[in-house]
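Presented sequentially are two complexes of chain A, the first with chain B as partner and the second with chain C.
Let's look at the complex of A and B:
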């Protein structure tokens, strides 16, 4: 019972502080918080399109977040989802541009498979460097993000450029992830993301490999004593994570943009890290957190369009919520202290 | 092609390279202190953005460049102390905290900029620190102009590089800092105050990071723009690795990376047909290669990124 009240108090503190910050930001921009709240909620639930848009934005966060969570649970600290997403998108573009006659669904499947491979290979580099030589994956994955981004820039100004104009982008790609809720932008990539939630959950909780990965993540020495191949586990975790991020990038490409562009990923690889954290590295948690972040984005975009509130509010609240979460121990302590005082 | 490699071209190129390298050098100098003490601060970008925005806001409202500089230092300090509090006192994941701060500062600085701009018909601007030629030295051909005809913040940086080199390598305090980063428990046992040392290192990191951002506003551009650091905080992390966490080496690494960035704009003039992105990519590639090359030789401080929990066994 006591624990239950603490949980409620904690949830109240989180919600209260976040709403307070949001209110201040809206007041600062010279708008009415109540009116904005209405716009925010209507933006998400007010139309089929708004609701679908939440799921559209959630899909890449979910896929990349799942990949990152596998890494975190196995002790591979992957902050390279951004780059892995770009590499996935590049590989998918190459396959999609391949001028061969085949049914569209086969072509898309091949492109997604290539994206998984490319993302996985991109993560294999820091994975093997960590497993074999003990080089920190944090710096390497970070560097590879920028390298992948610049590589995208080079390719869309070179071999992958649309030859019919001068814009730095690939030609419009034929194969696409089918829409599943016309006339909205929701596409099959979202279903794929849901499927991956199930697969990752099954893999981590119900297979020997998942068990080994988790042991390696929590205690490397114990893992060695159990006869687990630690090196292999780290490499597997990195490649799986990179592969999922690769699919996330390809989903954005084949489901939304239909062209390889420089802004294709636009920072969602970093947001996905926070999604994994907020979802406590649990697949179902990642599912919920990615939809939460996506809803925040969609609602805030509506506020920007209709009320002129700067869209920067999304980054502010995202950062704020995570910082609060990091201060969780402090918040709990304060709650406990108040309770003790109240009881005395 | 040959005519372009004139003295005038090289002089202006070196000048630009030094100027580009300064923010990287400031930020990486701070990060060296932090990493030596075991705190990996991925939030350099946030430090720099806070420094840039605060210096701009303060300089704009007060009309004083020096007040602006102070504002930038305080801004960077505040962000870094929050990171230190979360990583030292609350023993949370330092990388996550850094990324969250980066995203938070990106948002909050853009938000306040919008408000500042919407209250002003003209885009607000501030003056920049003037160049001060050092007599004699600035007349040295080729490097004189680049190194000794710069603004005051550059000369302050030279002093800081020298001081840091001595402080970190040749003083008792430098040894304590290294001990905290390598083996905090052993350091604690011999009476070094681990937490205090880490907070101090973080404070230095925050102030230097703030100066790095302030330099971009008060010496380079005179304005603050959304996301103006554009990933320089991450390049500074690479500089620290490439410079092996030694101040002078890091300063040279910053110069190299600065030169790579400046090269982009001059390649076309030189008739080199490479995409600009290639030069962009170079610092990151070099850093990874340097990491590979360091296998078996250099290594990270043993406790880098790991919180020290005093009561744990």
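Let's look at the complex of A and C:
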């Protein structure tokens, strides 16, 4: 009961602070906060399209966020979802461009599988370096992001470029993830993401492998002394995480853009780190956080279109919310203290 | 301190505890692990806030929000694990965090002199220019005390101060305490060693299960009645060791094993352990004991030599394979090697067997079977509090150790490597651990008992091997005629001469 009131108080404090900052920012942009709020909410819930758009944007965040959360729980701090997403997309492009006659659903499945493998392999590099030689995965995954991004740039100006055009992009790809809510852009990738939430939850909570990953994440030394193969666990965590991010990249490719472009991923690999963080590395938390982030983006885009208020306000708010949550312990302490003083 | 209450999830650590300490007295705080001693002191020191009750300091009600407040009021604390920075000098450690006169341009010479004067006054000989990492444990403790005194501490709280000291260092340390007392300082001594309480304290407060049971003058009591009050029942008997069962083939045989760490040879040893015997490894800490334990369990690999176990060569076997063949390991470092403190009790109990049937079936963990197993462990070893969902971190040291024993020791354990199994435990828990080991030996398990506590080795072992700088100084049969001095001189590095060898 006591715990519950603290939770509610905390939620109120966070919401209040965030709204206060939002109001200040909107006033600073020279608009009416109330009107903005109206537009923001209508942008999300006002139309089927707006709502579907939230889920469209949530899918890659969810998949990459899940991957990152597996790493975080196993002590593998993967900052490289962005690059793994690009590698997934590259692999999916290659498979999708493969001129072989086969049913579309098989072709898409093969492309997604290739994306999983490519993302997994890309994360395997920092994974094995950390597991075998103890080299920092934080720096390595970050550096591999640059490599993957620029590799994409080179490929779409080279072998993967659309030969009928001068733009740096691949040809339009035939196989695609089926739409599931016409006429919106929502595609099967979202269902895949939901399925992955379930699978990751099952893996982490109900299998010996998940148990090992958690032990390695909390205390590597004890894991070693008790006979858990720490190296194997780190490699598994990194590859699974990279694989999920690879699928996320391929989902954007085969569900939305249908061409490999330089801006395909556009930073969602980094946003996904925040999703994992806010979701407390719990699959269901990641599900909620990814939808929350996506809703913020959609609402902000509507605000920008209709009222000319920069969508960047949302990035500022995001930063603010993350800092708030990282200060969680401090804020909890303040709330508890208030209660103690109130009781005395 | 009056009516202090502090509850953690699932435990009431302090339940209306009272404690009063006078100036110029040494007050012992006695209690088993988990009785609430450390919690009480953390409240006094401002690390925790009491749920209710109040602290009075020099007659006034005070409220310490953090250790800074407590230090400012004149309370100093020396934790069981020191809080010194090894790469800094003694002087730097002592003034660390203080803004001395003229800060940031402090007068080092003046400060050095005042610290030296302070050290001399209390008999705390230590070279202030040395780095802390170059000091012995006893010296580091003196630095901790100096640090508190330099900050003007009038009341010193010492948490298990003698746990890390040799008998001789303990004597010196008591001299310091007497000096402090004569200068009017008050000392709270947290301990569970009876002899020390009798030797040094003026009064003693006994805590049990979070409540204070009694306050008495030390001279009006005796160790037996203190122990009885502390554990709430008669002391358990010393474990009975049945006579050694004799001459089977060796269970474990180390042949010319060499372990190197950073290219320095840490261990070079040949040793046998037979089923149904306890081989005690005596020696001063840090002479290769931990390496010995780890090479047997497979955590460290041997750079030379072979390990024969139960008729097979296990030199190359993994930790897990060795466990499956019946090698159990009780580590000396519960927090790092033995447990995952952020996971719960159930998960920690399952750490060895989670992937075996019936706990894993068709690739899935079976929660019900795990619950059954952990409940039976909790019942059998009386782990408190008996809730499988509690975070390991919240258990007391003794209960953490019981959890390790419950996990490691089972019917299948043929060889038990027990490294400092009773370190940091109180009398009750120590006796329980020792009788479990004796029971296992009598059941037919071979036990390698590594301990810095010679009494423990002498009371349990069939044979005693002495380790010095990674080498065996000799193996002796344990018996009434065995002289402590013989072992003592071997611990100091004198190998057993040919004729003296009582065991080939």
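Here are some notes:
The working rule: the second predicted complex is superposed on the first by the 344 of 344 C-alpha atoms of A that agree within 3 Å, B and C clash if a C-alpha of one lies under 4 Å from a C-alpha of the other, contacts with A are read in each partner's own complex, and residues count from 1 in each chain.
Keep in mind that, in the parts below, contacts are C-beta pairs under 8 Å (C-beta built on N, C-alpha and C of every residue); 3 or more make two chains touch, one makes a residue touch a chain.
As the structure is a prediction and not an experimental result, all values here were calculated from the model.
The wider contact with chain A, measured as residues touched, comes from B rather than the other of chain B and chain C. Within the superposed three-chain model, A:277 lies in touch with chain B and out of touch with chain C [touch as defined at top]. When the two complexes are overlaid on their common chain A, residue A:97 makes contact with neither chain B nor chain C.
In the superposition on chain A, A:142 makes contact with chain B only, while chain C stays out of contact range. In the superposition on chain A, contact is made by A:221 with chain C only, not with chain B. Legend: residue contacts after superposition of the two complexes on their common chain; A:316 is shown touching chain B, with no touch to chain C. Those residues of chain A whose C-beta lies close enough to touch chain C in the complex are 205-208, 211, 214-215, 218-219, 221-229, 340.
Against chain A, in their complex, chain B makes its touches with residues 40, 42, 82, 86, 90, 92-93, 95-97, 99-108, 110-111, 114-115, 231, 234, 237-238, 241, 275-278, 280-281, 284-285, 287-288, 291-292, 295, 299-300, 304-305.
The part of chain A that touches chain B in the complex is made up of residues 25, 28-29, 77, 79, 129, 133-136, 138-140, 142-144, 146-147, 150-151, 153-154, 157-158, 270-271, 273-274, 277, 310, 312-320, 322-323, 326-327, 329-330.
Those residues of chain C that touch chain A in the shared complex are 49, 294, 297-299, 318-323, 329, 331, 336-343, 347, 350-352, 354-355, 360, 363-365.
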